[in-house]
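These are the structures, in structure tokens.
Shared between the two complexes below is chain A, which pairs with chain B and chain C, respectively.
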Partner chain A sequence: MARRTIQIDLNRVEGDLDFQLELEGNTVVDARCIGSLYRGFEQILVTRKPKDSLVITPRICGICGTAQLNAAVLALEQIGRIPVPPTAIRIRNLCLMAETVQSDLRQSFLFFTADFCHPKYSQRGFYETARAAFLPFKGSVHRGALEHSRHIVEIIALFGGQWPHSSYMLPGGVTAPANSRHIIDSLSILNKLTRWFEQDVIGTGLDNWLALETADDFFSWLAAKDAHSDSAIGLFSLIGRDIGLHRLGFGTPHMLSYGAYDDPDDAETPPPQRKHLFRAGFLDGDTGELKPFEQAEITEHVRYSWFQPYAGGRHPFQGQTIPDYQPHSDRYTWCKAPRYQNKVVQCGPLADALIDGEPLIRSLYQLEGGNAWLRQFARLRRTARLLQTMRTTLHQLAAHPDGPHMVSPVEKEIPDGEGFGLVTAARGALGHWVQITDGAISRYQVITPTAWNASPKDSEGRRGHWESSLIGLTVDDPDDPVEIGHIIRSHDPCLVCTVHLLDTGKRLTVWP
Partner chain B sequence: MGGRHIICFGNELHGDDGFGPRIYTELCQLAWASDAEVFNAGIAGLDALRFLEGCRQAILVDALANFGKPGDVCLVRPEELANRPQRLSGHGLGLPYLLEAFKSLRGPVPEILIVGVEVTAAKPFSPGLSAKTEQAVPTTLQLIRSLLSE
Partner chain C sequence: MAALLWLQTGSCGGDTMSLLCADSPSLEELVDEYGIEMLWQPSLSLGPAGKLDALVEAVIAGQQDLDILCIEGSIITGPNGSGMYDPYRGRSKMGLVRQLAEKAQYVVAMGTCAAYGGVHAAPPNPTDCLGLQFDKHSPGGLLPAGWRSRKGLPVINLSGCPAHPNAMTKTLAMLALGLAVELDHLNRPKAFFNTTVHQGCTRNEYHEYDVEDAEFGGKACMFFNLGCQGPVTMAVCNTELWNGRSSKTRAGVPCFGCTSPDFPLDHDLFRTEKIGPIPLHLPLGVERANYMAYKSLAHEAAPERVLNKTMDP
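So, the complex of A and B:
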């Protein structure tokens, strides 16, 4: 059978990712996820003063800089055994949630649902409805998402002075208190977004929506009223399922979550023992068993990466990142291959919800597994939970007007030692591992959510999550593989997605 | 309705893509009428929408591709960007996407002008402008001055 290679570029602001797929006929038989840009943040940090990480690491990403900052500060606090007051934890959480809400809404309605307007679907019954809602710059939901998603990060600017790339979290707290003006302004921003979300995205109130607990509840709700089926989430579900996204794009069954948002009521417990608002854990996809998360079980492999080779996997505290570009070998990426308990895992909103025990996502997962539709649905489900939790957080801040936002550390400098900061960014599990020797950073290792999901093969030859989610997929038209676009976008990797065929040099674009 | 905004785009780490930030640095040295404000939008992407708000005129400064010979300084209107599939520069989603997004929002739309230079190469992680782009800096500053004095 004719075999050909398709190359898909995923150009992100943060760095470039490509997919190289081998098709036999119309079926994907091999997939390589290629990190095509070496960035070197980990090396930049070595030999610097520990607190430089608070300025440098938020620059890793223009979308999740708050999460990077949080991971960096948690690692330093762990090393210095530095306590943090509850008010500071609430401000940090509020800002982390604002960042995730923006990312999730943009990923869903600026990028994912736009594919439903692809000309391939022009003969389908849903086509005109899809265009009216999701067509870029014209559809009502696309325009609403554009307008409403941009204001939510103003909350971070209020508390952190700027967004993106802010550095307002310091060991011991945050730089500014939550004064009543900030709280009122934040509530007003939140209210505006929540109103739009209720009206246009879920077609009902947040409480009603979050009260749905089973797959049956959800499907009955969807059929109950026009307001539900015509809502953005209704259309996304009906169209997504109509084109079979609930049967595609599963990837690895193993799920990992570091837990999200430190519990301010448990502020006295230092991390990593401090409780989270959303639980951490590991879901073993083979047995269905939910196990406690243990960071010591993380390793990174470089067998297929352009780094100086070492055998097997290494924990980040023994991690090594020495670039060794070998374009003509079987190595194919600048990403390492992280593994948990030597297993290929996925992270992100679906893993987070399943591990936290969110009932509706669990019920849908039990029914149909971790498919592309559910992965995207879990992302939007999270938005509702975060909007609600942000409101609670603001009310708690208002109820403790005199709570200190900073407890200055006794020691001015961070002492020698090692620590890690593990947080949940919009795309999933984000970790920083830091070692300090003679007052300077001697090792800094970052594992991003995309490193987990976009992992290449490991030293045992096992593919990463995105790679495996495409194997066996059959596309209608290899010259315009929109099905691949749906699955890749459900993983939330990219802003722009172009395809070119290596065999002809002809360049195609996955619409739009 | 508001004043005039000069908004510079680009990534100074990527060769000629740093043209916008370079112009921003120069503009900051000069004296401007009280209603003119200068912004460095860098690689803000959609977050640059803010800079387009609350002004009656917005002059966007960016690196251009396929508008002329390297080093040519061009004055482009937004409608001339429509139906041009090329990415203007190596950062984020590019100006056409930003302007399209801005048009679809509610609210008053300022007069938008784009001032740019046809660049030689947006070389990744090679800070510094090429000779031809560097030579275009004074002409660009003059052009912006003349636009503001209109």
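So, the complex of A and C:
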């Protein structure tokens, strides 16, 4: 059978990504995920003052800077054994949730659903409906998502000054209290977004939607009313399943979650033992067993990465990041290959929901597995949960008007030592590992969610999650493999991808 | 119509995210009302997009007009001057930007990275980054200091980390309408860079009476002790609020001077460097002796409500 290599470029927030795929006939037989941009943050941080990480690391990523800030501050608090008052935890959580809602809405309706308007589908029954809803700048849902994702981050501005890129979480708390004006402003922003979400995205009330607990509940709900099937989530589900996304793009079965949002009622307990509002854990895909998460079990490999080689995997506290660009070797990316208990894992909203025990996502997973449709569906399901949790958080803040937002006095200097900060960003497990020597940062290692998912092969030659999710995929037209775009985007590679195809010098374009 | 092409180089995507937050005008308004045609924007491509390759070739071949070229991100020249830490289809983005810039009526650096090098150029500058037409403070970056776009302007530097949402969309609207864009000595549009961050800061009354915070989380001014660069930084943060709501200094976060060519400064970002009790860097244009005299007088005149820090910022 004819074998050929195609190259797919992806443009995204955290850097640039290419995929190189080997096709036999119409079937993908090998995949290499290539992070092509190197920026050197870990080198920039070394020798700087510890707290400078709170300014530098949010700039790692324009779409999840709040999560980066939180990981950075948690690491410093661990090193300095600095407590954080419940009010500060609530404000941090509120801002993290707002950022994730922003990201999930943009990922879903600016980046993912636009694919349904691809000319490939022009003869399908859903085509005109899809365009009316999802066409960039024209479709009603696209425009709604543009507007409302803009408003939700105003909550972060109220507490942190601006979004993106602020530094309002400092060791011991946050820089500003939750005064009643900010609480009511935030509730108003939340009310407006919730109204749009109920009306246009789910076509029903938030409580009704969250009451759906089984796959049967969901499919009956979808068929019950025009308002449900015509909603954005209805259209996304009907179209996505019509084109078979529930049968594609599984990837590794192992799932990892660091747990999301520190529990303010457990503020006395320092991380990582502090409870979360959404549980941490490891779901072993081979046995179906849910196990406690242990950060010591994380390693990173560089066998196929452009870094100075070392044998096997290293824990981030022993990690090193020394660029060694060798374009003509079998090494192919700037991503390292993180592994958990020496396994290839995936992270993100699907993993988070399964590990936390979200009933509807679990039920759908038991029915059909971790497919591309469910991965995307889990992201939107999360939005509903977060809108509810943000409201609870705001009411709790209102109920504790005099709760301190910063411990005092805080030691000015962070002592020498090592610590880590683990958080759940919009795309999943984000970790910072920091060592401080003689008052300055001596090592800084970051593992982003995308590093887990976009991992290259490790020293044992095992492919990363995205890579393996494409193996065996059959495309209708290798010159225009739109199926690949759906699957890659279901993984949320930070920004809309520009998907190109390269075949012996002939360049073709995959839309959009 | 003004044809716009937006390219990301060494970037976190934060300027694109900031652009999505603009509301006066908004991005959709630029498209609907100001005649901006988005040939390409990495997160929002109109029409049958994914066509960056064909577009780039058409622009370089002179078959496609390019009115506004927006660059987001540092220009990465490493390793060894190859630019291959930031490649595009086997060549460097650096080279691609240079080719596209020659064809553009206007070139706009969106953010401090594209303007001056930014956070990626912080020591040890691992990827050898610089800005489009500056290398930190020094004129001349990827393009020489004397370079001019087809409309006769140098690269327009909309610095900021990220660039302010409405400063971006307003500048694009001005260019689309054909309005004159007057630049300062760092090639930033004066319309957005003739105001200090200090102007409009809600902690100003504390500053006025020399009531300064020594710990974070308070209500008073952060200039003397906590590293705030508001009085020495030009930006609209406190005169055109972020996300329509606030600013870092209002929320108790020091200004880090992110619109300046030397951002991020190479010292503790949360502490003010001082000579004796007075900051090393004084508000723009102020004489040290006069400033010290004014501060001690001001402190004497401070009302109790300010001295006791009872006023909310």
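Quick note on the criterion: the second predicted complex is superposed on the first by the 501 of 512 C-alpha atoms of A that agree within 3 Å, B and C clash if a C-alpha of one lies under 4 Å from a C-alpha of the other, contacts with A are read in each partner's own complex, and residues count from 1 in each chain.
Just so we're on the same page, a residue touches a chain if its C-beta (ideal position, glycine included) is under 8 Å from a C-beta of that chain, and two chains touch if they have at least 3 such contacts.
Small disclaimer: the values here were computed from a predicted structure and weren't measured.
Peer 1: Taking chain A as the common reference for superposition, should the pair chain B and chain C be classed as clashing or as fitting?
Peer 2: Result for chain B and chain C: clash.
Peer 1: Look at A:R59 in the shared chain and tell me whether it touches chain B only, chain C only, both, or neither; answer first, second, both or neither.
Peer 2: In the superposed model, A:R59 contacts chain C only, not chain B.
Peer 1: Who does A:F111 touch here: chain B (first), chain C (second), both, or neither?
Peer 2: second
Peer 1: Just chain B (first), just chain C (second), both, or neither: which does A:I436 touch?
Peer 2: It touches nothing on chain B or chain C.
Peer 1: One more residue to check, A:R150. First (chain B), second (chain C), both or neither?
Peer 2: both
Peer 1: With both complexes superposed on chain A, which partner does A:G160 reach: first (chain B), second (chain C), both or neither?
Peer 2: A:G160: touches chain C, not chain B.
Peer 1: Would you sort A:V302 into first (chain B), second (chain C), both or neither based on which partner it touches?
Peer 2: A:V302: touches no partner chain.
Peer 1: After the superposition on A, what does A:F137 contact: first (chain B), second (chain C), both or neither?
Peer 2: Both: A:F137 reaches chain B and chain C.
Peer 1: Residues of chain A touched: more by chain B or chain C?
Peer 2: Result: the larger residue contact count on chain A belongs to C.
Peer 1: Identify the overlap between the chain B-contacting and the chain C-contacting residues of chain A.
Peer 2: Correct list for chain A: 13, 37, 62, 106, 136-137, 143, 146-147, 150, 153, 163-164, 495-496.
Peer 1: For a test of understanding, state which residues of chain C touch chain A in their complex under the given definition.
Peer 2: 8, 10-18, 20-23, 26-28, 31-32, 42-46, 48-54, 74, 76, 79, 84-89, 119-120, 122-124, 126-127, 161-162, 215-217, 237, 241-253, 256, 258, 264, 267-270, 312
Peer 1: Can you tell me which positions in chain B touch chain A when the two form their complex?
Peer 2: 43-47, 49-50, 91-93, 100-101, 103-106, 124
Peer 1: Within their complex, state which residues of chain A touch chain B.
Peer 2: It is residues 13, 37, 62, 106, 136-138, 142-143, 146-147, 150, 153, 163-164, 495-496 of chain A that touch chain B.
Peer 1: If we count contacts the way the header does, which residues on chain A are in touch with chain C in the complex?
Peer 2: Against chain C, the touching part of chain A is residues 9, 11-14, 16, 36-40, 43-44, 47, 49, 51-52, 54-56, 59-63, 65, 106, 110-111, 119, 136-137, 143, 146-147, 149-150, 153-154, 156-168, 170, 172-176, 179, 185, 323, 325, 327, 405-406, 408-410, 494-496, 498-500, 502, 507, 509-512.
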